[in-house]
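The letters A, B, C and D name the chains in turn, as written, and every chain counts its residues from 1.
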Amino acid sequence: MGLRTGEQYVEGIKYRQHAAIYVMGKRVTDVTTSPFLKPSVLAFKATFDAAFEEDTRELARTYSPIIGEEVNRFNSLHTGPQDLVAKVKLLRKLSHKTGACFQRCVGWDALNTLYIVTKKLAEKGKKAYHDNFMKYVADVQRKDLALAGAMTDVKGVRTLRPSEQPNPDAYVHVVEERDDGIIVRGAKANITGAAVVDEVIVMPTRAMTEKDEAYAVSFAIPLDSPGVKVIVGRQLNDARRLEGGDIDGLPYMFNHEGLIVFEDVFVPWERVFLYRDWREAGVLVEIFSSYHRQGYAGCKSGLGDVVIGAAYNLAKQIGIADKPHVQEKLTEMVFLNETMYSAGLAASWEGRKLADGPGGFWVNPMFANVTKHLVTRFPYEIARLSHDIAGGILGTAPSEFDLKNPEIRQLVEKYLQGVPEFTAEARLRMIRLLENVSISAGYLIESVHGAGSPQAQRISMQRLYDFEIAESIAKYLARLGARPADKRVEPHKKSDAER
Amino acid sequence: MGLRTGEQYVEGIKYRQHAAIYVMGKRVTDVTTSPFLKPSVLAFKATFDAAFEEDTRELARTYSPIIGEEVNRFNSLHTGPQDLVAKVKLLRKLSHKTGACFQRCVGWDALNTLYIVTKKLAEKGKKAYHDNFMKYVADVQRKDLALAGAMTDVKGVRTLRPSEQPNPDAYVHVVEERDDGIIVRGAKANITGAAVVDEVIVMPTRAMTEKDEAYAVSFAIPLDSPGVKVIVGRQLNDARRLEGGDIDGLPYMFNHEGLIVFEDVFVPWERVFLYRDWREAGVLVEIFSSYHRQGYAGCKSGLGDVVIGAAYNLAKQIGIADKPHVQEKLTEMVFLNETMYSAGLAASWEGRKLADGPGGFWVNPMFANVTKHLVTRFPYEIARLSHDIAGGILGTAPSEFDLKNPEIRQLVEKYLQGVPEFTAEARLRMIRLLENVSISAGYLIESVHGAGSPQAQRISMQRLYDFEIAESIAKYLARLGARPADKRVEPHKKSDAER
Amino acid sequence: MGLRTGEQYVEGIKYRQHAAIYVMGKRVTDVTTSPFLKPSVLAFKATFDAAFEEDTRELARTYSPIIGEEVNRFNSLHTGPQDLVAKVKLLRKLSHKTGACFQRCVGWDALNTLYIVTKKLAEKGKKAYHDNFMKYVADVQRKDLALAGAMTDVKGVRTLRPSEQPNPDAYVHVVEERDDGIIVRGAKANITGAAVVDEVIVMPTRAMTEKDEAYAVSFAIPLDSPGVKVIVGRQLNDARRLEGGDIDGLPYMFNHEGLIVFEDVFVPWERVFLYRDWREAGVLVEIFSSYHRQGYAGCKSGLGDVVIGAAYNLAKQIGIADKPHVQEKLTEMVFLNETMYSAGLAASWEGRKLADGPGGFWVNPMFANVTKHLVTRFPYEIARLSHDIAGGILGTAPSEFDLKNPEIRQLVEKYLQGVPEFTAEARLRMIRLLENVSISAGYLIESVHGAGSPQAQRISMQRLYDFEIAESIAKYLARLGARPADKRVEPHKKSDAER
Amino acid sequence: MGLRTGEQYVEGIKYRQHAAIYVMGKRVTDVTTSPFLKPSVLAFKATFDAAFEEDTRELARTYSPIIGEEVNRFNSLHTGPQDLVAKVKLLRKLSHKTGACFQRCVGWDALNTLYIVTKKLAEKGKKAYHDNFMKYVADVQRKDLALAGAMTDVKGVRTLRPSEQPNPDAYVHVVEERDDGIIVRGAKANITGAAVVDEVIVMPTRAMTEKDEAYAVSFAIPLDSPGVKVIVGRQLNDARRLEGGDIDGLPYMFNHEGLIVFEDVFVPWERVFLYRDWREAGVLVEIFSSYHRQGYAGCKSGLGDVVIGAAYNLAKQIGIADKPHVQEKLTEMVFLNETMYSAGLAASWEGRKLADGPGGFWVNPMFANVTKHLVTRFPYEIARLSHDIAGGILGTAPSEFDLKNPEIRQLVEKYLQGVPEFTAEARLRMIRLLENVSISAGYLIESVHGAGSPQAQRISMQRLYDFEIAESIAKYLARLGARPADKRVEPHKKSDAER
C-alpha cells in the first residue's frame, strides 16, 4: 500500500551497500546514524509521519487513480487546483513540524513534470517513454519511495551550451547506448536530500539545441546504483551537529544538498523518460521550475512562521513584546510572509490543465514565478527584522556547554535570564532556534537560488507578460489606437508549455 | 431588467433637480456636461457598457437569484469564490478601458456587506433591517442603479470617539426619530463618484461603544434627497480639464471624490439597514473594508498595466526598449504589479461563507489586507520606474497648444520626435497619459488611503495572525514545549466577523 | 558690484524684446507678470534676495578674486571644499524659503565646469577659450547675471551618436563658421529656468567621436539673441496657477523647464568656450554632472524638510502627531532625508583640485553619484510616507473656491476642521502645500532625471569603483594571492577628469 | 614608546594567569593558541601591525600631545575633523586586511568619551576623575595597550530601570565603597574582543535617575583582575575553526564577543572615572554611541569591499562577470556600500568640539546616527546580492576534506571548476570566504545591534531633528506664519551633550 511510516522509511535507507556517500571527506555507511545527516533523515521522515499524524493526515494523503489506493501526497500527480493548493498548505504545515526543508518536493515536482512531458511525447507518437513513466510512478506510489529530483548540472562555463563546454561532462549526458539501456556520465549539483533517498530522478537543466542532443536525457535510478557517488555539501553551522550537545546544533532538523556524480552509470531502458528529444528539454525545465517555484510559497512561509514565533517569544522573554516598534516589526514580518504565501495560492488556484489523465494539472506560471521571486527577497528582510527584535545576544550568546559547566552555570543562568518567568535555558534554546533557522542556508541562500536564480524568474516573467498588449491598451487610452479586442484579463502570454 | 446601457445611465443622472453639487466653488446643474466631472461620468459609464461589450460581457454580467435575471455584476451579491475572482478580474479589465478608477466598487462592497450584517441581525431576531435590505437590493438590481458607498466620516479629532468629539457632527448620526423615518446629520468624506451616482449607501466608519449609539446607522438614499450637498474635491492636474484641449487633460477618464454633507436629511424606515445597534458597527467595518481591500488587486494592477504599457511605448519611441536596464525595470514593474494581483486572487479563492442565502460569501481577510497593504507601497515604486524609463521629458514636455500653434508647431514636431516611426504627437500623447495616470491621486494617494490607511491594514494583520500559535511552534522546535495539536495550516485567527 | 537685489533681477528680465517665449501655445512678452511664469521668477529672485537677508547673507555671498569683490555665490567659482559645502548648505536653506527649485544651479555648475575645461585646454596650448571664459565670468560676476545652463539635447534616437542621427539637429551643432563667430542650430531640452534668465550657457551633452566634431561646442549668449525660442514645458498642476486663487495654486514658487531652440543663432567668438575639440566633451560632461549631482543633496533635502514639516503639521491638525506609527514614519522621513544630505556633504568635503587658479575645485565624483542616486529613490518614499500621515483628504480636499463660496463656506469650515485649535483654512493651506511640493515634477520626476538618469549614475559608479582591487583584497583573504600593496583606502579609480 | 608591534601585543596577552576565560564550556589558558580565539587574536593584532605596514603606517599613527610621542591611532584622542575622518578611513582599510571586525574601536571610543565626560565634570568642580583619566590615557598610550570597552549590561527586564530590576545585578553597580577603591558587581554582555585585551573600560549603558546612582559608574581594570570572568559567545560557523582544515574555517580572522562577569571586583580609586554622578550617564551614552555609530561607516564598508570583490571573482570563475544583470547587482552593492561610507564621512567632517584640550572633538550626532541606521539595513541587502551572484553553490559546496580525499579529489576538481583558468580549489576558497564574511554574525547581526539597536538610532534621530522648525518652514510657505528667522541650515536640535 502507498503509505509507509517514517520508521519504515528510515529502515529502508539504513543500509544501501553500493551508495557511495561522502560527508566532509569521509565515506558514510549508515546515513541514519551519521550526526551530520541524521537531521536530514529526520526531516525527510517527517513527510512520511505526516500521513499518520492527526493534524496532517488528510492533507498528506490523497487517492491515486493510478494504483487505486491512497498514497502519500508527495508521490501524487495533480489533477486540479485543489491538489496544488493542498501542496502549498501541506508544505507550510510541515515546516512547522520540522523547522527545515524536508527535501521531498523536488522528486514530487519531477514526477508531475515527467507525466506531462512524456504524455506530450506520446501524443506525438513516441509512446514508450510515457509507458515507462506510468509503470515507474505506479511503483513509486506503491512502495512509497523517497525520491530526489536532480536537475541542476554543474554547468562549467555558464555562457556555453552543453556541447560547447571545455569539460564535456559539465552536463549529464549519454555516453553509450546499449540494447538494455544507456550509460550516463556527469554530475548534478545542489541536489536536495541527495544522500537520504531511495531513488533519483534525473532531468535536463536547460533548453537545448540539436547539438546538445546527448544531453537531453531523463531517467530514474536507485541511489545505490553502481557508479553513483554522493558528495554531501557543507552548510552554515553544520559542524555544530558534531559536538554532541542538545541545544546548539543537534536537535534541529536540517536539509542537506549534495553533488551526485554519475561515473558511467547504467540505466535500463524502462527507466528512461526522455532520450535525445532535445526539443522537449526547454519545456520540461519550464514545467518543472514553475511547479517548484510555486511550492516555495508553502515551505518558506512555514519557516517564516517559525521565525516570527521565535522572535515573538524572545521579545516576551525580555519584556518588550508589546512595545509599538516591536509590534510594528512583527506585523511587517507577517505581511511579508503572507505575501509570499498568497502568491503561491494564486499560482495554484489559477493553474491550468496541460495534459489529460491522472495528472497534468499545472500551476499558473506567472504567479509561480512571482512567488519564487518574492522568496528571493523577503526571507532576508524577515530575518533582519527578527534579528532586530531578538537583540544582539543572538550573535553573542554563550554555548550550551557554558550553561552545563558547573563552574559558571550559575553565572550564565543569572545573566542570560530576562523576565523571571523564563529561564536562561529557555532563552538560549530560543536564540539557537532563531539563529539556526533564520540564518540557515535553507532560509537564505536557497531562497535565492532554489528552483532557479532570481534572474531565471525575471526572464520568465518578462516572457510571460505581453508587453505588446499592454502597449496597445496604453495606445488606446492615449487616443493612438483602437481598443484592443483581446478578451484576456491579464496581459499574459501563453508559456511554451501551453503552446 | 437588470442591465442598463451606459447611455441610459448617463441620461438617468443628467438632471437631478435637488442634488446640490459644487465643483470648485460653483453649483453644477448637469454633471454630464461639466468639463470637470465628465471624465468621471465616462468612467462610471464604462461599468455599464462593459455588460454589452464583447470582451467583458461575460465577466460583467451575472445571474441574480434575487430578481431571477441577469444583472450588472457591480450590483450583485457574492455566493462563492468564483464571484470574488470575477470581481478582481473585471476590475483589472475595466482599468484597461478607463485608465482610471470607475468608482462603482464602494457601492457594490456596501451591498455585500449589508447583506451579511442585516442577515446576522435577523438571526438575532431583528428581521426588519434584512427585509428592508432585500427589498432595496432587488430594486437596485432591477433598475441597475449607480451607487456610491459612503463610509469615511470627517472624524474631527482622530483620537476621540464619535460621542466625544467637540463637533458632534464629526460623524454622521441620527438627530431625530420619527414615525416614518429618521433625520440624519453629518458629512462623509472622500466619497468616490459622489456626484455622478443615483443613490448613496451610508455606513458607520468605526467600531463603537454604547455612548456612540446614535452614530451606529446605515441607510440608503437618492443623491437628490433634500438636504444633501456634494462638494467635489480637487485632484492633481484637474484644472487642465477646463482648458478645452484634447491631449493634455481632456480625453482621459478620471474618478472624483467628494464630501457629501447631510443637513438634517430625512430617511424613510424602509431605507434603514442599521439603527443604534452599535455592537454591529465594528464588524460591519471589518467586512466592508476587507471586501474593498481585496478589490484593489484588480483595479490597481489594471492601472499598472497601463503604466507598464505606456513606459514600454515611450522606451520604443526613443529606441531603448531592448536595453538591459530598461528591460530590468519593465520586468520589475511586472513583478510588483502581478504580486498585488496574486494576493487579491488568493483573498478571493480562499474566501469563506459568512451568511447563507443569495449572498454572504466573504473574502479571506488576511489576504485581503495583504493585498491592500501591497497596494499602499508598490504603485509608488511602479510609478518611479516608469518615470525612470520615460525620461525627464515627462516633467518638461510642451503643452498641446504649443504643438497646435502654427508659429512653433514645426519646432515641436522636429524636436519632440525620437525614433522616426513615431510622431511628436504620439510622444506627447503618451507622455501625458503616463503623467496623468502614474501621478494621479487615484494611483498614488488613493492607493495609500483607499479602504483604510496602511495602519488600518497593519492592525488587521496583527489581529488576524495568531502569534501564540506561532510561538508554540517555535517552542516545540526549540524543545520547550509539545507539538501544537492545532490542525490549522495558517496560524490565522478568526476575524470578528467570523465569530 | 557683484550683488543685485531680487528686485533688480526682476526689473532686468522684465522686457527682453527679442526673446521669443511660449507658454501653453502663447507668446509671453513679460515673464514677470505671466501667471504661469511668475512663480519661477519669484523662486529665481530668492537667490538674489538671499544675499541680503539676515539668515542667508553670509552663505549667499563670497569674495571673488576674479573681480576683487563680493559676489553672489551662485556666480562664484569653487576653490576648496568649504565652497562646495557652502553650496550644499545654501541650497538646503534656500529650499526652505522657496519650497521649490530656484533654478540657478545649472548655470553655476556650468561656470565651474568651463573654468576647468578651458583651463585644461589652455594647458594644452589652446589659450583663447580660457581667455574668453575668464572675461565672461568676470562680466557675469560684475553684473550678477541670472544664468541658465543648457546641456541636455533632444537626442532623437538614443542609441545613435549625434552625427548618426536621422535628424541632424537632434544635437546642437555648428552649421557655419564666420570671421566674427559661429552659427549654431539645434535645441536643448529640459532647461531649468529657461524663460527667466539673462543668459544661457550651452554645453555638449555626451562624449563624442571625431565624426561628432561639429557637435562639440560650448558658448554663452543672451536669452534675447535673435533666433532663440523658448517653449516652456508643462508641469503637474500648472493650470491651477491660472485660476486667480491664493491657496490652491498661486502662492507657491515653482521652477519651470523649457525647450530652448536655436534657429541658426549667431555666437561671437568671444563667447565661445569649446569648439570642435571633441575629445573634451566627455570630460566636460563628467565634470558638470558630478557638480550637479552633488548639489541635489542640498535642494532636495531642503524640500524634504518642507514635506516633513507639512506632514507633521497635518498630523497635529488631526491629533495624531504623537501616535507611535506616525512618529515612526516621521523618523523614517528624517532618516531618508539626512542620508541624501550626508552623501552630498561627503562629496563636498572629499572633493579634489582639478585646476589651479581662482576655481578648479571639484567634488568627489563617487559620492556625488551616490548622492544623486539616493535622490532618484528617496523622495518617492518620503512623499509616500507624507501622504500616509496626511490622510486621504490630500487627494480629495475641496478647492479654495468652495471655502470662499458663502453658500457652502460654513460647511467646509465645519467639516474640514480637525483639532479645534486649527481652522479649516489652515488645513486646506497645508494640504495644498504638501500636495504641491510632494507631488511636484520638481520633487519626483526631476529627482529621477535631473543631472542624468539613474542609469547614468550607475554607469559612473561602476566605472569609478575598482573591482580589480576589491577582487585582489578578496583573493588575499581567501589565500589566493598576496596582500595588495595599494595605499588607497577606498577602492576607487580616478575619473577621466582626473587623469 | 606608544607603538607596539603585533607580535608584542600577542606576547603580552599570552599568559594572563588570573583571567578566567571560558570558551564552549572550557577554561582557556592561552588565548593565542586556542583554535577558537586565535582568529580574534590575529584580527586584533592587525591593528598593531598596521602602524608598521607601508600602506597604513600614516593612517594608523598619530602624534599625541599627551605623551609627546607618536601613538597607535586606536589609543588617540580626537582634536578635529581630520582625526575622525582618519578613523573612518583606517577602519575601512583595516577591514581589507582582516575581513573581520578587529575589535579595537570600542575601547578607543570609550577613551574619547571619557575625556569629554570627565572634562565636563572637572568644569563643574569635580576634578579628580579627569585627573584619573588623563593619567590612565597617558599610560594606555605609552604602553600601547589593547582595550575593550564594556557598555551593554545584560539588562534583565528591558522595561525596568536598573534599580527596579528583580535581579539587582542586571546592571553593573557598586556594592561597596572602600578607602582605596570600590567593589563592583554585575556583567557586561556582547563585549567585543573581551578575551584578548589587556584592559577593560566599563561605562554605564543608559540614562539614569537618582535611584540608579549606584549604577552610574565607569572605570578601567586589567582583564586579569581577580573576580573577572569572560564567557566567550558562539558565532555562526564557529565550530569549523576546530576542524583543523585550512579552507573551510581556519584561515580567516574573526572577532568574538563575550560576557564579562564582575564578581565583586575591586577597582582602585585612580581607575574610577565616574562615580554616582547619575546625571552624566545619559550624556556619556550619547557621546559614546555617536562615536561608535560613526565608526561603522569604515569597518562595514570595508567588509562590503570584501563581499563585492568575492562576488566579482566568483562571477568571473563561471564566466558571467560581464552579464548586464550581474553588473547591475555589483553596481547596486557599490552604491549601498558607498552610501554608508559617505554618511560616516559627513559625520566626521561635520563634527563639533565638545571640550577643549588634547581631545574633545565629537562627531555630528545626526549623521552618525544616519550612518549606523544605514548599516542596520544595507549589509543584509549587499549579502543577498552577493549570494545571488555567487550561485546556489554557496550553500552546497563540498568541504575541503572532500577536495583532499584522494578517492574523490578528482571528481571535486572536475565538477567544481567553472572557467578553466580557475581551479576548483580557487572556487572553494572564494566560496568559503564569501560565506564566512557575508553570513557572519559580524556582518549581519552585529550590523543591526552594534552601538545600539535600530530603535536607539531612531529615537536619537527623532530627538535631533527639530520638527517645530520644519513645521514653521511649512507654515511660512503655506502662508500660515512668518518666515522663521532661524539661521540654522539643518533643522537639527542640539544634542544633550552639546547643551
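Please note the rule applied: contacts are C-beta pairs under 8 Å (C-beta built on N, C-alpha and C of every residue); 3 or more make two chains touch, one makes a residue touch a chain.
Bear in mind that the values here come from a model prediction, so they are computed numbers and not experimental data.
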item	value
Contact-graph distance - origin chain A, target chain D	1
Chain located farthest away, centre of chain A as origin (C-alpha)	C
Distance from the mean Cα position of chain B to that of chain A, given in whole angstrom	39
Distance from chain C to chain A - Cα centre to Cα centre, in angstrom	51
Chain C, residues touching no fewer than two other chains	325, 328, 458
Residue ranges of chain D touching chain A (in the complex, touch as defined)	22, 24-27, 152, 154-160, 166-167, 169-170, 187, 189-190, 229, 231-240, 242-243, 248-249, 257-259, 261, 263, 318-320, 325, 376-377, 380-381, 383-384, 387-388, 391-405, 407-408, 411-412, 414-420, 435, 439, 441-442, 444-446, 448-450, 453-455, 458
Complex interface listing, chain B residues touching chain A	54-55, 59, 85, 89-90, 92-93, 96-97, 99, 246-247, 251-252, 305-306, 308-310, 312-313, 316, 327-328, 330-331, 334-335, 338-339, 341-343, 345-347, 349-350, 366-367, 370-371, 373-374, 426, 429-430, 432-434, 437, 458, 461-462, 465, 467, 469-475, 477-480, 483-487, 489-491
Complex contact set, residues of chain D against chain B	324-325, 328
